[in-house]
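First chain written, first letter: the chains are A, B and C, and each begins at residue 1.
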Amino acid sequence: MEQKKAIIEALVFASEAPLSVERIADILTGEEKALISQALQELVGDYEERKGGIYLQAVAGGYQFRTSPDLSTWVKKLRAAKPVGVSPAALETLAIIAYRQPVVKADIDRFRGVDAAGALRGLLDKKLVRIVGRKDVPGKPILYGTTRKFLEVFNLQDLSALPTLRELKELQE
Amino acid sequence: MAYEIKLDIFEGPLDLLLYLIKKNEIDIYDIPIALITRQYLEYIEMLRSLNLDLAGEFLVLAATLLHIKSRLLLPVEEDPSTQDEEDPRAELVRQLLDYQAFKEAALELDRRPVLERDVFTRLCPVAEPNDPEDPEVFVEMDVFDLVRAFQQIFTRLDKADMIEIEAEEMSLADRINEIMDRLMERKHLTFTELIGARTDRRWILYTFLALLELMKLRMIKAYQSESYGAIRLFLAVE
Amino acid sequence: MEQKKAIIEALVFASEAPLSVERIADILTGEEKALISQALQELVGDYEERKGGIYLQAVAGGYQFRTSPDLSTWVKKLRAAKPVGVSPAALETLAIIAYRQPVVKADIDRFRGVDAAGALRGLLDKKLVRIVGRKDVPGKPILYGTTRKFLEVFNLQDLSALPTLRELKELQE
């Protein structure tokens, strides 16, 4: 393998969080971002072609190695960990925040037709949701948005990777 | 009871309503309110007869349905001016469509390869554990950690010491910080310079309150060379 | 790649420590150890042949992925800038300063019930807190406040975006 590509692979592997092209460019001083992106794309392709146990994924604005989703049963056996479940109520709340951010709690309540306090609190605890500011209306209610961790957990490159609500509606019809 | 529904499967009244619409194969844009209201009330009655806790929101929607039903029962007037009046069901339909979209979005999220459920990352440390910390790069922190820390302190204090901190005070602290920043750069400023070109009353008021607070703390000194002249502000201590 | 080999690759990758053949045999119930060893040897060979940034290595009675030793300079550069964390004691101190600024150390000590000197020094070093002036009372105690960096780290537009205690309570109910 070409040395630059090998370095990039090692960096992504060694990083604790998804590694961005910018960060790699910082380390490989003077390297063009376009070339780094290209090498990353090649690596993504290499792992896909191989159909092995690990994949290189574009996630949360960076790249990260992850195990193949097909093999989750086996990895779970290894980790013997409780699955990190998100309840349906929390998922609904999360979906509203993801699509409507920045959004105030009153709107979340209205969309769901129930008080979202409990679900919201759980999402804040799990760091899937964060406070992004306050709305400039009387009472200055808190505005909520999703976090980088939300992108990491749901395997999303960025928010634009979410299907649009219209696409989802068409799916139903 | 005619229904064979698990009791805890509904996330709320809209979810229940959506279920009834699907079950009856009804067009969401043309809901037969009488039928749906009857089934909705029957379901709620069943929950009550089982002494289950019913969230208040379920009753609110029951009232809404009954209200819509009564409005639909009113005779349609011939008067053309009432022709433009919206279908009493319209608002509910909008709400249901939104809810349906978000419910689908939630399911879509759940279908993704979720970290620590479907996919896993490397856990084994790669390098030696004594890496130097870089004071320029921070772990992303959440404001809620901060509030929780603050709240924890308060639970340790006497109730008498407990003072609610309002958003108002926060923006005051903001102004105080900005004023101190600018004074440290410029050594002295006039009140007019501080206000700048902004005209919103709230902002001017906070600037003023911040100055009063700073003077009370004796962090700044204010001088006026003549009456109605420019107010000059200095740091009290260099 | 053959599925069994892919599973083994995923397991070694996701493991918290070097993974032994015995442990893999436990997870793949009924699988012969000789076959597992063979698959591991094949994987070791695959990665060697590729000459990429990562290698599969036999270490301490198990197998582990590592970055190539030739690339350690680059990996060290990545690691040199490890993100800074904040201890619980420092977080409490930071919270008091954020909500009560400008505030003197004596008040911070009183709120926390312990001497905040250490935590305060750490926060000043990390540039999350700064001296905003001196209170004009006997002894001229130093007044502390938060910095712009504080806003950046906590993803806050400005200080008014900090939630109030009342808002936090509402979420918990």
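Rule of thumb we're sticking to: contacts are C-beta pairs under 8 Å (C-beta built on N, C-alpha and C of every residue); 3 or more make two chains touch, one makes a residue touch a chain.
Because the structure is a prediction, the values reported are computed rather than measured.
> Could you tell me which two chains share the largest number of C-beta contact pairs?
Chains joined by the most C-beta contact pairs: B-C.
> Can you name the chain whose C-alpha mean lies closest to the mean of all the C-alpha atoms?
Of the chains present, the most centrally placed is A.
> Once you find the CA centre of subunit A and the CA centre of subunit B, what distance in Å lies between them?
22
> Suppose each chain is reduced to the average of its Cα coordinates; what separation in Å results between subunit A and subunit C?
Going by mean C-alpha positions, subunit A sits 17 Å from subunit C.
> Using the average of all C-alpha atoms in each chain as its centre, how far is it in Å between subunit B and subunit C?
So the centre of subunit B lies 29 Å away from the centre of subunit C.
> Residues of subunit B touching 2+ other chains?
120-122, 126-127, 140, 142-144, 167
> Among the residues of subunit A, which are close enough to touch at least two other chains?
Residue numbers touching two or more other chains: 13-14, 65, 67-68, 75, 79, 124, 130-131, 134, 140.
> What residues of subunit B sit close enough to touch subunit A in their complex?
Residue positions touching the partner: 11-15, 55, 57, 61, 95, 97-110, 112-122, 126-127, 140, 142-144, 167.
> Quick check on the complex: what are the subunit C residues that touch subunit B?
Residues of subunit C touching subunit B: 10, 13-18, 64-67, 75-76, 79-86, 88, 91-92, 94-96, 98-99, 101-102, 111-113, 125-127, 132-137, 140, 143, 145-146, 149, 152-156, 158-166, 168.
> Going by the contact rule set out above, which residues of subunit C touch subunit A in the complex?
Subunit C residues touching subunit A: 1, 5-15, 19, 23, 27-28, 50-54, 65, 67-68, 71, 74-75, 77-79, 155-157, 160-161, 163, 167, 170-173.
> Of all residues in subunit B, which touch subunit C in the complex?
120-124, 126-127, 131-154, 156-157, 164-167, 170-171, 173-174, 176-177, 180, 217-219, 235-237
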